[in-house]
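Below you'll find the structures, each written out as structure tokens.
Both of the next two complexes hold subunit A, though its partner changes from subunit B to subunit C.
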Partner chain A sequence: MPPRNAARLYPLVLLLLAFVAFPLYWMASTSLKPQTEVFRVPPTFVPETWTLRHYVELFWLTDFGLLFVNSLKVCLVSTGLALVVGSLGAYALARFRVRGKEAYGRLVLLAYMFPGALLVIPLLLLFRQLGLTNSHLGLSLAYLTFAVPFVMWVMRDFFASVPVDLEEAALIDGASRLGALWDVVLPQAVPGLIATGIFAFLFAWNEYLFALILISDESLRTLPPGMMRFVSTTDTNWGLIMAASTLATLPMALAFGLIQRYLVTGLGAGGVKG
Partner chain B sequence: MAPNEAEAALAREGGASWRAARRAGGLLAALRDQHLGVILLLPSALTFLVLLVFPLGYGIWTSFFQRHVLDPEGVWVGLGNYVWLFGNREFWHSLTISTFWAGATVGLQIVLGTAVALLLHQPFKGRSLVRGLVLFPYMMPVVSVVLVWMLLYNALYGVINYLLVASGIVGAPIAWLSDPDSAFWGVVFVGVWKYLPFVVVIVLARLQVIPQDLYEAARIDGAGAVARFLDITLHQIKDVLLVVALLRTIFMFNNFEIVFLLTGGGPLRATMTLPILVYEQAFGTYELGRGSAIAVVMFFLLIAVMSVYFAFLRKEPD
Partner chain C sequence: MANVRIERLHKEFRGAGGIVHALADLTLDIADGEFISLVGPSGCGKTTALRIIAGLETPTSGRILFDGRDITRLEPRDRNIAMVFQSYALYPHMTVRQNLEYGLRKRGAPRDERARKVAAIAAMLRIEPMLDRRPLQLSGGQRQRVALGRALIRDPEVFLLDEPLSNLDAKLRVHMRAELAALHQKVRTTMVYVTHDQLEAMTLSDRIVVMNHGVMQQVGRPEEIYSRPANRFVAEFIGTPSMNMIEGQVRTEAGRPLFTGPGITVVLPRDAPQALPSSGRATLGIRPEHVSLVAPDAPGAIPARVTVSELAGPERFHFVAVEGGSIIVRTPAATVLHPGETVALGFDPDRLHLFDGTGEDAPALR
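Moving on, here comes the complex of A and B:
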């Protein structure tokens, strides 16, 4: 199609950009305004005075740093575990003739859709028996309930799309099945693993209900319940809250910027969680 | 294949025999596909068993008890919690709210998402940048999304109210999230904003593989733009739309965070979805049994919708 259409499209594109990007812009710009300017009516669309005060306060006056590190720990552990457990299973589903494979594949999808509200009560009772409440490991394990099915679901298609020829060549050269998986398949699966890992991390980073119920010790709290606490305890310090929101978005923004190309693949392949 | 047999197979291949078998060229024969396949599936099967299947069973079991969150045993009440549930107006109210919430968010996501995908399918300068930016709400943490929308919606200094009043669309600021009349649409809008990218990505991917010659042929036949959209584009993407709608419906129906964090189910229970009702029963009034019973009903609704999905997949093997 010739670009003569372009002129007609731009107003629509601008509208779309405003819809998508304005909340992001508002979050970041509010975090940089002094407290008095945040409450001003009419609002200032570009900060009149720029300040990093809220960011300094966030680390000096609140436990944001601790919340952030706790979240990072839990999410990295659960993502790592899910990638290992999930991709082994996904590889088996994609490559091996196992009886009941299709039924198992469906169970994976069903597991992926389990409502958190259904799991949280029995998991609390079970984890209390096992001493896994108030534990970062416990919360990481709880996150496997959605992370493992997700990784399996996406990586199965990904492994299926990797050509079999190279593996067969390696096997003929005397490599074992596991050797071929490690040396031949894994290097090709890296982009898929990264994209899938980022989504698994994102889901864990987002999760609120398990984090709220399974952890009650303040020193072990993770970001989502910890940040919601700011709304009541710090009253309406929106500058501070927006600074926290911006920093919580940062890891995802970094991941997003680095590997945007793979993300589209991951999202398209089966990133249907939310 | 029983899992212990698979473990035995692995043990047989362990240690020195591994090398010996390999030298003899018998490794592949000894370690048949099925064995290794089962071994690779074991960790995930164990995860599902311990963290999903057992909790599901335990949840169903708990729904037959009246049990406080700190109570180690509870009292057997049989179907008592279900009887309570189906005779309870709040349950039916929440079921209705959840249905409308899922219906409204998914409906808007599908319509808007398709429109945005069609727009981003057109060639224009900066298209790949815009395509990237459109994904961003999905990557933003739910808590950050909720907090920024609380600020945007604020009745006193929120920028949405400022713009609406300044442009004369409304006479007075609206307390979006604390007015029972507007709270539902307030949370729906956030749900649409956050999860729209998904529909856009999937529809866009589908649009890119529609054969161009279909359009050429239709143009030669004299079909107008609207006819081309209805007969070709919509016809080609309708299966994808159906699948996305189904999956999105499940996710939105089960979504706890967005609504709970924005309104807590209020005001006056105007946004009290089923997951929030589970939370309220289990951890607000400490009725674990009742909370579990509601969750079990949600699970069976999920099974029903998934059966439709699997039936659809069977029909369309693609």
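Moving on, here comes the complex of A and C:
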């Protein structure tokens, strides 16, 4: 697009940005106001008095630290598993001549779109029998129901776009199938792995329903259901909740900062040069 | 180094569009150190044959033997072959050095051996200054050399090349062709070379295999293929411009074999075709350089009219119309003919080719 037209778009972009960013700003600024200022009418847009009290309280008075660590554990494990399992599946779908491959590929997409709300009760029953309720591993596995199909769906196109010649050259050079995948194909697909990995992570990080139902032990709780208790148990300390929300948003913000580059080249699949 | 025996190789591809017979009953012995080319039109199964030798494809039936060992079921990495791909297939995320080293690394060569071999190959192919660059930062010719180097560095028993020069511009191609010939002189590894550039095949090979529709048409030394094509397909495929073909009848008149086509009667040398086709249908072939311009009243002169004359460097190609169609005549550049001019043609009787019938693969009569 020529620069002149781009300039004309700026006001629109700014408007959109304000619309999206304002709640985030409000969250962050509220978390830095003292309790008395939070409810003042008319509201202050920039805190008059700055304070980190809510943050200190968050760590001293609540189990936020524990929730955060629990969440991090579950999300990292599920993301790691999803990348390994999903990539191998995607590779098979992209490369091997298997009967019914196309149908299977479509089934993967269907699995990805299947509403989680319908899955959670059957999963609960299944997990009870397997002893996987109240376990971080169990919750991680539950997240794979979404993350694996997602990784498979996106990575399939990535792998398909890596020239077969490269792999065959590696096979002739003395690599095994897996060796060729590891040495030659995966390095080409790194942008895709990063992008899908971050998406899988963010999904798990935000997930509420599975986390609420599959984990009842307070010491194992993850952030989204854990933070809900802040609303009901205290007489709703908004400053505290905003501080928690700000901290919980941080990994996402960081992730998106990292991902940006790859989103452009990455998710457009085929951005890999042969 | 090894000799290669290809035994009764068949390959079928089954797909949505039915069965494709990519290779049919290919049997071929390749001597140790030989440079052999597979040529043929697009889709004739050249790449398929090469991929089966490499182990990238399994044959439907048949065997491949290296020095008598049956390797048909071995994985590519267990065959000690090297392959140069048409696309070069250099690993884009590795430097030239890492590309060269990869095969050695996979076979567990120690660090100092790798360094030594990389240095030797880089010197031989003159790519030393580029060792730390990535493939994307190289020109086509340089990539080509790296691809050759990556294959050479492992001292393979058999060297497979699939149209390695086809992505290069014409000038570089001629240059690399010469380098490849020199390289083969030096390393003396068995090389199987796929190309559809017959000039490459002619200049580089000890022997040429001509294929069509998955079937081997002829195998032989370049001059043999050129001067004694086994059938009409080979005759027309090899040589540019291709051999003139005239369809007609053969009969014996007063004890002499006689070919008659539309407006053409050619007396065949008495000893040439031993067995005349029973049907009487035949195709007469003559290369453009074996057609000459003769006086109109010379015995057997064929009247023709010039349609186009093309200058091709030191020579000229004249397209002339005869009663039955068009004939190409090759002369020195000094021979100037003008469109519309009438000329008379004479065929060199010793260079006539006669084929049994008029089909695409009509066999040569000798």
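Please note the rule applied: the second predicted complex is superposed on the first by the 251 of 274 C-alpha atoms of A that agree within 3 Å, B and C clash if a C-alpha of one lies under 4 Å from a C-alpha of the other, contacts with A are read in each partner's own complex, and residues count from 1 in each chain.
Please note the rule applied: contacts are C-beta pairs under 8 Å (C-beta built on N, C-alpha and C of every residue); 3 or more make two chains touch, one makes a residue touch a chain.
Just so we're clear, the structure is a prediction, and the values are computed from it rather than from any experiment.
A.B. asks: After the superposition on A, what does A:G174 contact: first (subunit B), second (subunit C), both or neither?
C.D. replies: both
A.B. asks: Looking at A:R106, would you say it contacts subunit B, subunit C, both, or neither? Reply first, second, both or neither.
C.D. replies: Touch partner of A:R106: subunit B, not subunit C.
A.B. asks: For A:W26, is the partner it touches subunit B (first), subunit C (second), both, or none of the two (neither)?
C.D. replies: So A:W26 only meets subunit B here.
A.B. asks: May I ask you to name which of subunit B and subunit C touches more residues of subunit A?
C.D. replies: B
A.B. asks: Is A:P163 contacted by the first partner subunit B, the second partner subunit C, both or neither?
C.D. replies: Once the two structures are laid over each other on A, A:P163 reaches subunit C alone.
A.B. asks: Output check: A:V41 vs subunit B and subunit C. Expected answer is one of first, second, both, neither. What do you get?
C.D. replies: first
A.B. asks: Once the two structures are superposed, pull the subunit A residues common to the subunit B and subunit C interfaces.
C.D. replies: Correct list for subunit A: 171, 174, 176, 273-274.
A.B. asks: Would you pull the subunit A residues touching subunit B in the complex into a rising list?
C.D. replies: Where subunit A meets subunit B, its residues are 1, 3, 5-6, 9-10, 12-13, 16-17, 19-21, 23-24, 26-27, 30, 38-43, 84-86, 88-89, 91-93, 95-99, 101, 104, 106-111, 113-126, 141-142, 144-145, 148-149, 152, 171, 174, 176-178, 202, 205-209, 213, 223-224, 227-228, 231, 238, 241-242, 244-246, 248-249, 252-253, 255-256, 260, 263-264, 267-268, 271-274.
A.B. asks: Would you tell me which residues of subunit C are touching subunit A in their complex?
C.D. replies: Subunit C reaches subunit A through residues 54-56, 75-77, 81-83, 85, 87, 89-93, 102-103, 106-107, 136, 150, 154.
A.B. asks: Please name which positions on subunit A make contact with subunit C in the complex.
C.D. replies: These residues of subunit A touch subunit C: 163, 165-166, 168-176, 179, 183-184, 187-188, 273-274.
A.B. asks: Which residues of subunit B touch subunit A once you look at their complex with the stated criterion?
C.D. replies: 1, 22, 27-28, 31, 33-34, 36-38, 40-41, 43-45, 47-48, 51-52, 54-56, 58-59, 62, 69, 116, 119, 122-126, 130-152, 156-157, 159, 162, 166, 193-195, 197-198, 201-202, 205, 244, 247-248, 250-257, 260-261, 274-275, 278-279, 282-283, 288, 291-292, 294-296, 298-299, 302-303, 306, 310
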